[in-house]
Amino acid sequence: MKITDAKVILTCPGRNFVTLKIITDQGVYGLGDATLNGMEKAVVAFLESYCIPALIGKDPRNTEDIWHYFYRGVYWKRGSVTLTAISAIDMALWDIKGKALNTPLYNLIGGKSRDRVMVYAHANGKDLNDTLEKVAREKEKGFLAIRVQSGIPGISDAYGVAKDSKFYEPAHKGLPNVEQWDTSKYLNYLPYLFGKVRETFGTDLHLLHDAHHRLTPVEAARLAKELEPHHLFWLEDPVTGELQEGLRLIRKQSSTPIAIGEVFNTIYDYTTLITEQLIDYIRMPLVHGGGITHMKKVADFASVYHIQTGFHGATDLSPVNLAAAIHFNMAINNFGIQEYMPHQEIVHEVFKINYRFKDGFLSVDDTPGIGVDIDEEKASRYPYEMACLPVNRKTDGTMFYW
Amino acid sequence: MKITDAKVILTCPGRNFVTLKIITDQGVYGLGDATLNGMEKAVVAFLESYCIPALIGKDPRNTEDIWHYFYRGVYWKRGSVTLTAISAIDMALWDIKGKALNTPLYNLIGGKSRDRVMVYAHANGKDLNDTLEKVAREKEKGFLAIRVQSGIPGISDAYGVAKDSKFYEPAHKGLPNVEQWDTSKYLNYLPYLFGKVRETFGTDLHLLHDAHHRLTPVEAARLAKELEPHHLFWLEDPVTGELQEGLRLIRKQSSTPIAIGEVFNTIYDYTTLITEQLIDYIRMPLVHGGGITHMKKVADFASVYHIQTGFHGATDLSPVNLAAAIHFNMAINNFGIQEYMPHQEIVHEVFKINYRFKDGFLSVDDTPGIGVDIDEEKASRYPYEMACLPVNRKTDGTMFYW
Amino acid sequence: MKITDAKVILTCPGRNFVTLKIITDQGVYGLGDATLNGMEKAVVAFLESYCIPALIGKDPRNTEDIWHYFYRGVYWKRGSVTLTAISAIDMALWDIKGKALNTPLYNLIGGKSRDRVMVYAHANGKDLNDTLEKVAREKEKGFLAIRVQSGIPGISDAYGVAKDSKFYEPAHKGLPNVEQWDTSKYLNYLPYLFGKVRETFGTDLHLLHDAHHRLTPVEAARLAKELEPHHLFWLEDPVTGELQEGLRLIRKQSSTPIAIGEVFNTIYDYTTLITEQLIDYIRMPLVHGGGITHMKKVADFASVYHIQTGFHGATDLSPVNLAAAIHFNMAINNFGIQEYMPHQEIVHEVFKINYRFKDGFLSVDDTPGIGVDIDEEKASRYPYEMACLPVNRKTDGTMFYW
Amino acid sequence: MKITDAKVILTCPGRNFVTLKIITDQGVYGLGDATLNGMEKAVVAFLESYCIPALIGKDPRNTEDIWHYFYRGVYWKRGSVTLTAISAIDMALWDIKGKALNTPLYNLIGGKSRDRVMVYAHANGKDLNDTLEKVAREKEKGFLAIRVQSGIPGISDAYGVAKDSKFYEPAHKGLPNVEQWDTSKYLNYLPYLFGKVRETFGTDLHLLHDAHHRLTPVEAARLAKELEPHHLFWLEDPVTGELQEGLRLIRKQSSTPIAIGEVFNTIYDYTTLITEQLIDYIRMPLVHGGGITHMKKVADFASVYHIQTGFHGATDLSPVNLAAAIHFNMAINNFGIQEYMPHQEIVHEVFKINYRFKDGFLSVDDTPGIGVDIDEEKASRYPYEMACLPVNRKTDGTMFYW
């Protein structure tokens, strides 16, 4: 079996998606998600100028060898662009393998450990009351776990809150918006917010929150400690993760579970975090974390240290990634939860999906491989439009983490 | 002062170089190297699709703020593509600052700590005798320090050895060559090789060697220990560096100095290596390590722990990076050595340089800023051609580090 | 460019200040603060007997080399006298560089990361009510952050509280006052005090407190933990810092942010504190911490570990240091806060300043270099008068930390 | 008993010495050495402007309280100037106590643990043969232990070697000499040198060597390992000691005993070195290490970790310090060795001494107190002359450790 061709499909049905399609001499093709929000063009360029020519002629069944070919072969290794390309290649190869063997992906990586995977929704409210309403709305939809973000009194741009539209989408057309931030006001408000949420919705609902890298370790420790009475499912990205040791202080101070890594790319971003047991959930998604091949190793490593998966799953990843994640989550033992921010309907014109949401869970059907297909003709109707995530400044102008 | 325009110049005078040119409203422009061997197109795409639009209108003097704008603003951060783009921006901004203030770069980052910087040459021999000849040839040119690589008996493709040409250039036109490797033969040969080199050239010549990531920690410990009698200036990249703790074993076993990091991108790649004092030299170059702004922080951090600089400086970096590196090396106190692999003459048709080699040292003149200029018309005569670094397999076929 | 002369100006407009003036062959001169409270004469003697003769003839642009000349060249290195002298030299050289290149200091060390820097005021009350009044008074002046010190019931001399004058000045003419101290009473009172302050002023005001080295680690841990509900911006100098490991216990017990180091002198005083992330703010000021050259390294090192600056800035440092600190704080990314204890008006007869306070922030104008000048004739009208900081005894007579 | 007066005697019988004389109401006075090579004026200024006024009226018997008065009372604490002044005060108080009780100092700090203390001599040779001759000469004088320094082929200024006079004195009149250094040549020569010394003088002679802070940890590890066959008594100051962790690597690599700290000032400079057992000998002398009171604590702490004393004792310390050191060395259990570089005869015109050298040992007589007196009239005949230790540059101009 040989790879005879491959191509990149860049489409913008509401937002940009990059899809790698690998074609074989046996009529079978595979799809991999290669979407990297705001950096789509760099991934496309790398795939087209280096990866695709190198793929032609390779046997697509050799996923392990091809993974190392691109990981080790790309001498100037590491980083989001490289690993997103590798992820897309790996995902497409596993899709091919499933289709060639006429079996769904989960069956190739361990079979079913469960039939469906619990997901969490987003509730993003402008203020306290709006936030409580949004939580109620998601609860009514059947979600058992909800990430709660809220506008903060005195802060013009809290993370995760739509300013003017019903549908929250962090990326905006054109250059990055410049948002403003005040950690002190946020820290004063958050415990109060979650007190109110718990008061309104009781103890059974799983509540999550994303601090989005905006805290120093000591600030994160304070927040994690003050949120303890409200029993969060997790506190996400309390500090930026480049310095893995930066998570130690939180752990000394609090028993609030910690999730991190939606911006990570390799198992090496997690070594200290895992072996020192500084976290509880792995956020790195298949699409940026090296695909099925690499993420299986990360999840297995994490399992030794009582750590579970909780993959990133916002609308900035395509249905190909989401479907692959459901397969993955069904197969491994140490699955925790899966983020689920449904795509707009227009996305499903382009991508034909095989998963559905019911009663707080997602599941896939038995379509071979990953099970998502792309309609290239429709994709071509939505050409790429530049769109960027915001940048963030403190109120004194300091360039800060978004 | 405002940035009014910027553009990317991709040229291939013998090999590919990416140059960022930032233009201001005051007639002053700056140049930054953005070359990333084999991934040029990805860097170009990222610069053109994201960085350049975002640069327009910014005040070029605010180097710290702009650095963080791109480092933090690129949400999916880290990695060679992102950091190479940031490096090029930062380098160009310091070039502008020097020109605007009419002073050479070194004067802005500490003045002169020395007038010239010791460099090391490459001697790459097909076999023992050829290697000894190559060392002799570089020594005659005046080099005081020479990196010695040699063909290994029984290995078809040792790292660093030209197969068929006089001029060693690791990148080849077209797809990656597949080379073959046998660690055991290498380990058996190396101490013998260096014994012969010392026997021939005496104790004064500084000898370096690059293991090019191909050893496990225990193999590296053996090699480092067995090379002790030959007093290497450094042993480079003894193991791959993604796992910083991977260097601990060598350090327990040997006093051979260790250099690492030509493929690194940020200070976070060095935190364990520096604070645990596992290395002696920083290899990360300005062009991939975040430019002047970030590398100054890395070098200063390293200095606290008795670690010196020894920047990567092969032909895969443009004269803009090399000149900036000489300024940098002249200014800091903890300079160690600079790699110097001279560009082919054709490169100097495109880039007008301000540095010269004499008696084993490189120095720059007092041209303001970085002091290198590019002839865009000549650059346009040499369009990009795909070229890749090799990949490497063990003799049993295992995909391995190149 | 050569240094042709230098002199020390010792003046006492209300309190003693030591200023180093370095003069060049190009008509440009630079000023550096060399004030070391109570030890002024030792710094003057060292500058005059060693540093000034050694400076003559040197090129003032070589800031890095000259820094090491005095740091390494002073064989019996380290300590406040040596480093204050080196700081003054370094500050004056950067002042010269800015003037020679006709650009403000901040532009040489990264440009602007913000336009103004948040400062904190001192509120020192004799008792609870007086303290609340003093906080209110500073708040009315526009300060967003206030350090709160208070007389403690049963303690005759709490740190930071004026006994008999409106203007608090810790140094007194003549020999050291002997104050008295009782840690137990202090620990019992402090949480109550801050409870009242928060009750009166709400959650938005930033509150700081200085324990002034008077606690053991276990006492500091108790205090830091009991202050958690009141959300201090920082707790300063909870224990004396000679033993860096002495801060570990606090960190295990509390999420109250910690600041330390106004009496520190080099980066080596911070290595354990930074790499083990035991603190959140760097207190070492430019004038005692090796000037711009060294403090940039300290701030950058700290930034890797999520630590920010919060420089000492009491009236015991001259306007030259304060202006330099504002430049520095404007340029770096990891600025936290700046202490600001305004000088008496008489000080501004001698020093012509370029900064101003507004709405809780300090800013400098665009005068080249540091931007502060000294009127030597006026300085000569206020000759040195011996003045010392107090010493401190426990109630049983034990000599203790002040 | 009260202190009624104190004065500083600055004299230059061949080289500068600072002596503190404390006078009491009972006719007894004490002497303390306050010599700090090249920084004499700063110590004098600090003693005269702060310490002496504060001493008047105190009870000289309260050595512990007075020590803390000056250590803690000097708010901007630490460093050579402060601690040298404190050392001189402490030494003079112990001298007074001994005289007042009519008993030699050793009797107050533990009595005699031995009658005499082994010392080591300096042998400084221009080249190999000269070095061997110098060793022979010291051996003939009866020394059992000899520090061997030698001119290095190809290095113009090796540490410790007189260029043009018979009497080696590191300080020179006027501004610092600029010396030049090449570590590589030194490392290549040293093992050969010590091989020749051992070959010539056999295994019984104790050999010491001072690397004088000029090595990085990895270089020091190499040297310590390669000197192992020659069984040094100690290798001194292999790396500069500001970063105590910097000694770890040597310890992992070699069993050569290590001495460090002639430039240290407090017990905090030794905490990591002692508790991690990175060294074998304490070099900090009484005169810079806080006097009898503080050094007793340092020596006692060291004893817990099998570490012995080996105090600095070059001609840059006055006979007062040397006599006090002999008392100290006689009294403690964990004495190792004492450096002894005899003063020129002219020194003994000014200082009347109570110690003598015999058969490789120094001993003091039973004169009460420290037992050295100063002839103030003769001292006044030799006024202070500026003299400095050299500074040191690498051959490329890099400012380096002397």
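Should a chain be cited, it is by its letter among A, B, C and D, assigned in written order, with residues numbered from 1 in that chain.
The rule we apply is simple: a residue touches a chain if its C-beta (ideal position, glycine included) is under 8 Å from a C-beta of that chain, and two chains touch if they have at least 3 such contacts.
A quick note: this is a predicted structure, and the numbers were derived from the prediction, not measured.
Note on connectivity: the fewest chain-to-chain touch steps from chain A to chain D number 2. Judged by shared residue numbers over all numbers used at their interface, chain B and chain D contact each other through mostly different positions, with under half in common. The geometric centre of chain B is 40 Å away from that of chain C, both derived from CA atoms. Rounded to a whole number, the gap between the C-alpha centres of chain B and chain D is 45 angstrom. Chain D has its Cα centroid 34 Å from the Cα centroid of chain C. Shared interface positions of chain A, i.e. residues touching 2 or more other chains, are given as 243, 245, 399. In terms of which chains touch, the assembly is arranged in some other way, matching none of the line, ring, star or all-to-all patterns. Applying the touch criterion to all chain pairs gives A-B, A-C, B-C, B-D, C-D. Interface residues of chain B, counted against chain C in their complex, comprise 59, 61-66, 68, 97, 101-103, 107-108, 110-113, 267-268, 271, 275, 293, 296-297, 300-301, 303-304, 331-333. Across the complex, chain D meets chain B through its residues 154, 184-185, 187-188, 216-219, 221-222, 225, 239, 243, 245-246, 248-249, 252-253, 396-399. Partner chain B is touched in their complex by these residues of chain A: 36-46, 48-50, 53-54, 65, 68-69, 72-84, 175-176, 242-243, 245, 263, 265-266, 268, 271, 288, 386, 388-389, 391-392, 399-402.
Within the complex formed with chain A, the chain C residues making contact are 113-118, 203-204, 206, 228, 231, 251-252, 254-258, 277, 280, 304-306, 308, 333, 335, 361.
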